[in-house]
Amino acid sequence: MSRIARQLSFIFASALFVGALVATAQAKDKVKVGFIGPLTGGVSANGLGGRNSADLAVKLRNADAKAKYEYELVVLDDECKPNVAVQVATKMAADKEIVAAATHYCSATAIATVDVYHKFGFPIIVWGAVLPDITYRAKYAEVHRVNGTMINQNDANAALISKIGFKNVAVIHDTTDYGKGHNEYFSKAFAKLGGKIVGTFGVTADQQDFTAELTQIKALNPEVIYFGGLTPIGVRIRSQMDKLGIKAVFDGTSGIVSDAFIQGLGPLAEGSLAFREGAPTEKLPGGKFFMENYAAQKYDNPPEAYGAFSFAAMDLILDSIEKVGPDRKKVIEELANVKARDSIVGKVTFDDHGQNTVAVITKYVVQDGKFVEWDDSEYATGKRKLPGQK
Amino acid sequence: MTYLLEARGLTRKFGGVVALDNLDLAVVPNEIIGLIGPNGSGKTTFFNVVTGIYGAHGGSVTFDGADITRASSPAVYHAGISRTFQRSRLSLPLSIFDNIMIGNHKRLNQGLWFNLIRRGEFKREFEANYGAARTLVEVFEPQLAERMFEPVGGLPMIDRRRIEICRALINQPKLLLLDEPSAGMTHDETKELMDDILQVRDLNRNLTIIIVEHEMGVIERITERCVVLNFGRKIAEGPYRQVAVDRQVQEAYLGVE
Amino acid sequence: MDVGLLAQYVMNGLMLGMMYTLVAVGFTLFFGVLDIIKFSHGDVLTVGAFTALATYIGLRSAGVGSTPLLLLAMLVVAILAMAVLGMLIARYLVMPLRSAPALNTLLITLMLGTVLRELVRLFYPQGANPKPFPALLPTASINLGQFNLRLDNALMLAAGGLAIVGLQLLLNRTKLGLAIRAVAQDEETARTMGVNFTAVVLITFAIGSALAAYAGIMNGLYYNEINFGMGLYLGVIGFAAAIIGGLGSIYGAILGGFLFAALQTIGTVALPFASAYKDVFAFTVVIALIAWRPTGLIQEKISERV
Amino acid sequence: MSEVMQKLRTPLLPGVVALALSTAYLIALLAAEKQPLIIGLLAFAVVAVLAAHYLGWLNLVSRSFADREDVLGIYAILAACVVAAFFHDNHFVLLLFVTVLLYTVATLGLNIQFGYAGVLNFAGASFFGIGAYTSAVLSTYTAVPHLLVLLIGGMLAALIGSLLLLPVLRTRGHYAALVTIAFALLLKTFLEVNDVLGGPQGMQVKGMSILGWSFNDNFKIGKIEMSFYLNYFVVSMLLLTGTFVLVRRLERSWIGLNLDALRLDEIAASCFGLDIARWKITAFLLGNFLIGIAGALFGMVGGFVAPNNYTFADSLIMVSILLLGGIGNPWGLVVATLIVVVVPEKLQTIQEYRILLFALVVIMMLLFRPEGLLPRPVRRYFPGWRA
């Protein structure tokens, strides 16, 4: 009995084994493309918006009869954590079936993964991360970016607050490369304009209690608290400012441009400043087209600030594959000569570092629970005043 | 005459309670002493102070001419004192052999290099010790000698006691401290065990034993002399027959003061 | 340093310390009766906070507007729910392992903590994201120079204090408290005294977990934000506080809780290095304290029975 | 007196068959892509194992493993190589496989501390991280030969661990647990706030290269393209084999006995001459050393280190692997690590729930089978010999 049973189980095992081998061989005309972004955690709203937008790009392409291939979108979650990002990036890049991907909202994750993409020769287009080093630290043919860097953003930021007449700023930044970068570029820009940084505080991205830091800031009593970091701790800091009776203006970066920021703070969000490179989606050349199609899909999250960029990145990838076929090396070559290419975010031109140069910066202020463009806001007209605004 | 173990004015307190009160106790080589007294009279405490588990708050202990009052437990063991425990302290998941080898620590080569690399030499040492342990166990219970690599957890109380005593004897100590070997055993089992102990004694004439025991039968049978403690003080000393009739002793046991 | 500023730091420290203490007291209670560490305690706090939030949202959508009513409902629901949860944990996870090595209990509760945490993350709507927690206490504030005293903080501080005093009275003045202390002293004797051991354990766990819920709500009201991970951090700190204070002693837990908060505040303001190092500093001191006092500042007697 | 012991003639066959089957199975599982197939395979495994258990075959297998370990050990290595060869160009599977090997090395180190000497260590991941960061720093800023880097990684882990010796030696039980838990948090926060080591951002790690052979480049054997992870597989396999043999010999020596003795009853042990401190220190340092080496190599494999890889939660997973496999049994550790690392990776459907399920499994184990999947057998100093 036992021998027979053993043989049987052996046969069964080997049968499964063969079956598995067959299963691994996959269909031809299907091409996999990837998306990586923060789908869970504090900034997941932006990640999901980006995911949906990339998904939209793929859907539209598959609906297009002229498309040569049928595309399948592989989505992975980097949780906005460098270590997780490296894991999923390795996983995606190591999967030969995936040709290219639109990756990363968080700079901390993008900068951590570029080496991985280079190691595996895997072409990617960054759709949201703004740290300059992502494209400029090394010259990797695999790495591209459709959105602009944080440099212009901080110039605009410094310009605006000194124009309003603020002189003393305290800086809080998270200690990831994202926060450090913002601190660096803002401090430079603001100093150039004669402003004074009264204090700089690095905080960890999962810190809960900021009362100690804020109490110190209170003693320095600045007119503005500049915050280089993402929505979750942005919300915490702003509300704890209120607890300590700090009246200063809360001046954020692209990292807090999301509905989650306003939901998290309610009325406290009023009068917070934020900046983002690229024109607001509705003002983009392809903005209307994008918004309509996005709405048509009935996704349960809005595209958020960087959805349009995600869509554009994915669209570029699909174009390239249509042109040169599902081959990583060829796609890289193709992306290298993207010049003045029309996209919903305007003309895209990759410089020799794969960076698309986006000059235009949008200045936001929160007014009545919405991110409103500064120039259209009642704060600009002087109808309302920021605390300490002349 | 020279004493093997001599305690002078030994004192140990626990908070307010004085467990050993200025105790003098001397043991000559090769004798078997019974240490008796009502519960909490300090018998076990005496063992624990001698073996360095508790420090002494006063007095001194000399063993074999050396002062061991402040010696650590390992030092006391290396000086040649082995003991058993009131509630058996064997390592239940380990095999009989392992438990006995724990008692043989000082005669095993502890070098890293020897243990990890020189497996040939290690094997020889292992075989030698295995033989020794086996012969010792056979004295107590031949069947046990066949089960040297079974965990002691599965054995009945009497066998555990036997192994515990083997663990204490394997390194051929000069002095053996038995703490209530009969605890948790039937009368017959106890008797058996005592026979075994005497048998071991016959094999190794220069073994000295101090035994703490409640079974007066045992004391009467195997001890040449006993010391009676009460409230940490020595209240009587002498052959069992003599101390058994001592008024103070009887009062102590009846709890009259 | 400016007095107002100093006062501000003290206030911040007190708030932190109060929350740590409420958690630490739980650890010490459980250890008292069962000599075990229930590591899921911090995550019970999380679940408590989320229960309260859910209650709030539910009632609001049901049209309940009055703040005091909402607050009361949140407290009652969360506290009762956690008390029950605590009993279930004691009954089905902790007591069955009584004979096993202490490590197993530590591990099983650690794992239970993970389960609770993950359940919140996965099954509370968008539980992975931080959730805004309503500010239900009056936020009137007095500004004394650099010191800004907010009514809600003062209230919370008082409430926390009351909870601990209440617990003290319960332990020292009531029959139940007597029973708990008896069990803590010596289980066997307690049994012979006719104390229903199981009942006492279950009630103790209920009380401890209720305190956790209380602390959870306080945390939410203070930071106006809760997230699924908050309990792990608070739990570990509570555990550390209970240990450096000396397990099994309420005063130890209080001492430990405020001590840890003090260390963090000092680490932020009074030390030469960047404020971000405050936890490194605090935990270094904790390890040093343990090395110096292996059984806590308020010594717990261990008699090794031979 | 060598006739004291005579060699046992336990049949090899059951062990060999079991190995062959599980190798085939592992390949099938790793190769499977379709979720239903994977679920089927996993279900099949559970059923098969249970069946084998009730038909008493498992006993045969375990007996032949117990008595013929030397031979079967070699077969096991061959089996691993077969698996690696089968996936020679599949980056991801090989990475997964290497991860299993290195985690096993780390848990073996933990096993010395915790399974033998009973020294609690809830900072396993931290010491793993110290190793990884060592290779990050050394490979970035220095030209230290990479094999040496591994060694230094281990030494640093042991060295930094020795800062904890005083509290570890002085405390017992829960108090001891706090020491390592506090250290785990301390280290993570330290790495996060300290800029020199990259802060929360972490650091890149250069790939390994020995005598000019760069481990991060794919290479060809004849016409066949090989994944660069194959390089790491070889090194990891060597490391694991070495560690395994070391741990085995340790257990089957007087030292192993000492460690068990002090774990089970410190008082009795010290009454029989055992120097508690000496052996606790030996175990703690040796364990951390091994964990550190594994970490250093893993750093190079992953090419990236960040504080978030080495949290208290990760240490917890290591301890749980120990418990799952059966504390003190190296083979159990291999199996447990394989399960804990591979199953969630393959079973994408549970990806999101893997931590939850993992925790539940551990709870069930603690409640119903606290001795683990493969409980540790009584010590046999010379397996295959009967005395």
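We call the chains A, B, C and D, going by the order they appear; numbering starts again at 1 in every chain.
Operating definition for what follows: a residue touches a chain if its C-beta (ideal position, glycine included) is under 8 Å from a C-beta of that chain, and two chains touch if they have at least 3 such contacts.
Remember, predicted model here, so these are calculated numbers, not experimental data.
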Subunit C and subunit B - chains in contact with each: D
Of all other chains, the one whose Cα centre sits farthest from subunit D: B
Interchain centroid distance [CA atoms averaged], subunit A/subunit D, Å: 37
Cα-centroid distance, subunit B relative to subunit D, in whole angstrom: 42
Sequence positions of subunit D contacting 2 or more other chains: 189, 192-193, 267
Residues of subunit C whose C-beta touches two or more other chains: 274, 276, 304, 306
Multi-chain contact sites of subunit B, meaning residues that touch two or more partners: 53, 85
Complex contacts: residues of subunit C adjacent to subunit A: 2, 5, 8-9, 12, 15-16, 121, 126, 128-130, 132, 141, 143, 146, 148, 150, 153, 223-225, 227, 229-230, 233, 264-265, 268-269, 274-276, 278
Subunit C contact footprint on subunit A (complex, rising order): 40-42, 44-45, 175, 201-204, 206-209, 211-213, 215-216, 218-219, 232, 235-236, 239-240, 243-245, 260, 263-266
Residue ranges of subunit A touching subunit D (in the complex, touch as defined): 2, 5-6, 9-10, 12-14, 16-17, 19-21, 23-24, 26, 81-84, 86, 90-91, 93-95, 108, 111-112, 115-116, 119-120, 174-177, 180, 202, 204-205
Subunit B - residues contacting subunit D, complex: 51, 53, 72-74, 76-78, 82-83, 85, 89-95, 98, 101-103, 105-106, 108-110, 112, 115-116, 119, 122-123, 126-128, 130-131, 148-151, 167
List of subunit C residues in touch with subunit D within their complex: 31, 37, 93, 96-97, 100, 102-104, 106-108, 110-112, 114-115, 118-119, 122, 232, 236, 239-240, 243, 247, 274, 276-277, 279-280, 283-284, 286-287, 290-291, 294-296, 302, 304, 306
